[in-house]
Amino acid sequence: MTDRTEPSSAACSSAGYSSLGASPADPSAEPVTYRAALTRALDDAMAADAGVVVIGEDVAGGAGAAAQGGTGGAFGVTAGLYDRFGAERVIDTPIAESAMLSMAAGAAATGLRPVVDLMFADFAHVAADPLVNHIAQAGALFGDAPGQAGHLPLVIRAAFGAGDRSGAQHSQPLHGALLRLPAIRLALPATPADAYALLTHAIACAEPVVVLEHKRLYDTTGPLAGDALPWGRARVVRAGRDATLLAVAGQVAPALDAAERLSGHGIEVEVVDPRTLNPLDLGTLTASLARTGRLAITDEDRCAAEIVAGRLAETAFALLQAPPCLICPAPGPVPFAPGLEDAWAPDAPRIAEALRRLCTDG
Amino acid sequence: MTDRTEPSSAACSSAGYSSLGASPADPSAEPVTYRAALTRALDDAMAADAGVVVIGEDVAGGAGAAAQGGTGGAFGVTAGLYDRFGAERVIDTPIAESAMLSMAAGAAATGLRPVVDLMFADFAHVAADPLVNHIAQAGALFGDAPGQAGHLPLVIRAAFGAGDRSGAQHSQPLHGALLRLPAIRLALPATPADAYALLTHAIACAEPVVVLEHKRLYDTTGPLAGDALPWGRARVVRAGRDATLLAVAGQVAPALDAAERLSGHGIEVEVVDPRTLNPLDLGTLTASLARTGRLAITDEDRCAAEIVAGRLAETAFALLQAPPCLICPAPGPVPFAPGLEDAWAPDAPRIAEALRRLCTDG
Amino acid sequence: MPAPTSQPTPGSDQTPAPNDWTDACARAAWAGLVRCRRFEDAVMDAWRAGDIPGVVHVATGQEATAVGAALALAPGDMVTSTHRGHGHALALGTDPTALMAELMGRRTGLVAGRGGSKHLSDPERGLLATNAIVGASVPLAAGAALSAKTRQTGGVALAFTGDGATNQGAVFEAMVMAVALALPLIILVENNGYAQTTASAYASGGQSLAARARGFGLAADTVDGSRVDLVWSAVSRAADRARLGLGPSFIEAAVGRLEGFFSLDAQAYRGADEVARLRAAACPLARFRAKARGGLDDATLAAIETDQADAVDAALAAARAAPPAGP
Amino acid sequence: MPAPTSQPTPGSDQTPAPNDWTDACARAAWAGLVRCRRFEDAVMDAWRAGDIPGVVHVATGQEATAVGAALALAPGDMVTSTHRGHGHALALGTDPTALMAELMGRRTGLVAGRGGSKHLSDPERGLLATNAIVGASVPLAAGAALSAKTRQTGGVALAFTGDGATNQGAVFEAMVMAVALALPLIILVENNGYAQTTASAYASGGQSLAARARGFGLAADTVDGSRVDLVWSAVSRAADRARLGLGPSFIEAAVGRLEGFFSLDAQAYRGADEVARLRAAACPLARFRAKARGGLDDATLAAIETDQADAVDAALAAARAAPPAGP
């Protein structure tokens, strides 16, 4: 049964939406799901700016014409938007992601603010050309001021992450691949409050932004408004003096758990949630490393962790008293079977063990 | 005029091929171009194994049916192969790279050894899905023994690199993106001898291999046979005691130049050409760092350099006496204008200056 | 929204079984149909019971395309498939125990539990691989076709794909490629009217998928995909063409999806009556009884059905008893 | 290799100019044609002289598609283009000095020397961007079309693309998308018979590109692309449809490529007579004189030609004198 609660159904996502809709007066008062926070961000942005459109497969849903609110996308995040904003602004597409992203770029350069729902992040690879060869380049080539072809206020949302038995082609992280495209901003919210805040900022932003949503987080709950950190600022989720643990997206929860376990054994780990990887908040990380002297990174994307480790080695070498410790999955696709998949992304015990070694042998 | 010599024409590439053809008896005796070395590797492999086929746009050339030897692809590397092996093994395709790569994978799993000519590495992004979602995964999912669907003895050749005024979408490096796909081997020959040796190995290899050819190297010359280092072994191109400079592909020559410049000033730089980035020869690098204590990397792909720096920080931290020094282009697309493009990839003076600072302030 | 044009309807074809549809064909077909149906029903039950992790995409109602195509192919031919591939594997002869064990994430699974429902492979039986990126099955099969052509094995390759998937660039590119290179490729589209919740007629702008393929130069046919005999005949013709070097074919088979898109689908986007109507009009098993049974009497059909049910039940039990895949 | 079917031929159409082709149209068209031709000739000379770095893809012989389309569009409409885009920019009104300076890598270039020949953009004149990834111009234009539709500006978007490019998945996906969303999009394929050295008929399996597009549900036409008046008329019709909300159109224009694929092309793959034949039969300037000049006499044409030549020569001189782009 546990395997079934994680992937979202149309039913539970609509429920998530309506429960949010029931208390619009004080959105921060009661806890909402990560999914509902994303929906709210879309809803608010669309209400505020007629140029914001949502594009994707089944984002309206319902045989292409949205029966009673539609399904709201594979994860239910866009549920209800069709009823409120109509087919001209909640646009169901054929399964043609390459054209979808390229079209979004063309639309962004000519007056719209498209928010593309890519569904699973793995599907970005059928649409890599517009991402790499156009969206990541047009600003520098053509100028990014309004009216210029490189002005691309567009958002791409995509879900990733192990843990829902989706298999190899519906689970892979994407952020390692995107980090090589400096022109594309990159947010990975780990809480409902950040889901709302980062997606809201992304839609308002003049530059292209990819928002990566961890599948395991959709049903987690929390307040809609958090301590309002600005875009680009990392959050110190837990203070500590012995090591700095950068934990990305789905890894924040097991990282905190690991830190608590170690706390009982005299090791205090500072856990940092980067919130955005582009920009990467080197300031907060460096300040933390100045206190702790030890760097660990836990991330489902080993390549992203290596890039961040490389950057910190380059810029904060003098602060490091030990080699950076990467707590990441072994190479290879995300496996299907629960026993294999659960052993893939490092869990709290594995993270704790790696940190213990870092802080004692290191 | 200098701008014109670098991009290869059909004419000069055929010339390259015929001059090679003129002395088949002792291939290592006289210098050949990098281009001719690649041609020779293809020619030898096709002669030795009827399963080797070449697939790409204009690889035969000549209106799809190869007029007198055809053009041999955009860089002339496959010139002459059509005449020798015919249309069944030198296969001109429509401009459909995604189908091309996926087809190559299907063919490799069922008895052929395809060598795909992707032309410019930038075009890999229209074909990223078969690369990332299939070729990089099938071995682990389905097994990679002969007869299994993940047995993918295929080679993808692609050209990259700044310096030939090709502009933003015909110059980008690809290896940073490929490093996140551990199942895909990755070779970047910097000399004619390595072009021959690495491509030959790649075709014989049971696993998928990408061979990235730097455009500025096609017309460089050298012996066909070098000091036969095995696949996966990095080459110490120049010994030194003060710093280890890892120089990738087109950066090897300016790196050597920079090292010579510094030699006059009492700084001896060890220049290492990795030859393959997957596998990455951590042994040779670590041994070098044990001597020098300082790491510099010069690479047109900053992301690749960051990944390598991250890995070395993780595995060889104790050997480093200074922060890794990445000598790479500033973020952004490769610009067109000569003055801009020549300032993009670090040249010998910039490399030398960075090394001088590393070895004196570091 | 443009109205659908010339899209075939499952359950509509009233032509008699082809002349060369022998009782041996019918016997094999019936065994395949009931095996596939029983298996998918067992999958849904096992999923509901919590024995199958994640979600599954069953092919209930789409048995005739799997079985008809498999019957028309020869040893050495290669098949690729999609996220909805259980039936294709079974029809080709994949061991039901290994398949069920894969869906359950067992060590004895077809690919040792690494893949799950969407990532199957059984090349010895002609199933090269299934693929969860929609459309990707088609160019992959083009590769097997290229191999057969280059190595002159006389083999063909067949790609199963869906109506939604045929809007992917990779599928169109594969068509262009197959025509330019005259590949022995068969593209068999199971048009079940939907891609997730999106109607095929909407996504494809009401165009006939077969007519689109014809524009690319493929020999293109539509077929009532609820009729195993007609599918068999269409695939046989396409395979003959391919073996003669006449190039690729495209078959648009109209099928009825009798379950949801996947096991979690509440199907609010289609009326309950649609499924009832499809079950009545387009169930491949009923259609077989009505149109393709040849000389087989009820007792024979019942005996085959019992055999197959036993085999699936045994597979289910064996898979359940197998150890979970683990690190 | 299948024989080409229903692919149009440049220079073959003998119909008279359309009725609404006024002398004002003819005057503007002639100015555009000679400006484009003179410019591309100047580009080849400058390239040979070493003043233009890298390689260039000139559109000599393809002037009528650029000029005819630009004449048919309205302010606010958006155009995307390819690696062979100088003429498209000029026809839309891009300053020839800025364009030449871009090709020469000057600081005063259209995009400050960052892009070069293949990366142009001049949105104020309706040129959104050119793209060096073949096919990519088409879905990008679909985006501009979506914007026009959503914001109800009454605008249309036109994508220039090539015959080779129309085999890219992105182009097919854009067609599917444009039909499903009824986008005000015009796809104008300049079929010059070749993609690099590969014949269009080989790569597209001898299929008509227009017929392929029709299969997707686009209104699709073929046109003699050496006739500026007929291109104008075809694009005007397509734009009218688009503005009325009737959805996307596809125009396959047969053109003759009078130079090589790019400036380094030795053209061993086609006989020298082919170019001579095209120059005689399918040169848009000659075809204009014969078919589309309306009431304009030789003196008028000569005067316009002199003006345009002067403008291009001045642009060349100004670009040469401009400072190189540098760090």
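Just so it is clear, A, B, C and D label the chains in written order, and each chain counts residues from 1 on its own.
Convention: contacts are C-beta pairs under 8 Å (C-beta built on N, C-alpha and C of every residue); 3 or more make two chains touch, one makes a residue touch a chain.
What you see is a predicted model; the values in this text were computed from it and never measured.
Visitor: Quick one: which chain's Cα centre is the longest way from subunit A's?
Guide: With centres defined by C-alpha atoms, farthest from subunit A sits D.
Visitor: So which one's got more C-beta contacts, A-D or B-D?
Guide: B-D
Visitor: With chain centres defined as C-alpha means, what is the inter-centre distance between subunit A and subunit D in Å?
Guide: One centre to the other, that is 42 Å.
Visitor: Taking the mean of the CA coordinates per chain, how far is subunit A from subunit B in Å?
Guide: Using C-alpha averages as centres, the distance is 33 Å.
Visitor: I'd like the Å distance between the centres of subunit B and subunit D, where a centre is the mean of that chain's Cα atoms.
Guide: So the centroids are 36 Å from each other.
Visitor: From the mean C-alpha coordinate of subunit C to that of subunit D, what's the distance rounded to whole Å?
Guide: Roughly 44 Å, centre to centre.
Visitor: Which subunit D residues reach two or more other chains?
Guide: In subunit D, 114-115, 119, 131, 133, 167-170, 173, 176, 180, 202-204 touch at least two other chains.
Visitor: Out of subunit A, which residues touch more than one other chain, so two or more?
Guide: 93-94, 96, 98-99, 122, 126, 129, 133, 140-141, 168-169, 333
Visitor: Could you list, by residue number, the parts of subunit A that touch subunit B in their complex?
Guide: For this pair, the touching residues of subunit A are 98, 122, 125-126, 128-129, 131-133, 136-137, 140-141, 168-169, 172, 176-177, 179-180, 182-183, 301-303, 305-311, 313-315, 317-318, 320, 322-326, 331-333.
Visitor: So in the complex, which bits of subunit B are touching subunit D?
Guide: 1, 3-4, 7, 9-11, 57-58, 61-65, 67-68, 70-71, 74, 92-96, 98-99, 122-123, 125-126, 164-170, 333, 335-340, 343
Visitor: Which bits of subunit C are touching subunit D when the two form their complex?
Guide: 2, 167-170, 172-173, 176, 179-180, 202-208, 211-217
Visitor: So in the complex, which bits of subunit D are touching subunit A?
Guide: 78, 80, 111, 114-115, 119, 121, 123-124, 128-129, 131, 133, 136, 139-151, 157, 169-170, 173-174, 176-177, 180-181
Visitor: Flag every residue of subunit D that touches subunit B in the complex, lowest number first.
Guide: The contact residues of subunit D facing subunit B are 1, 50, 53-55, 105-106, 109, 113-119, 131-135, 164-165, 167-170, 194-199, 201-204, 264-266, 268-270, 324-327.
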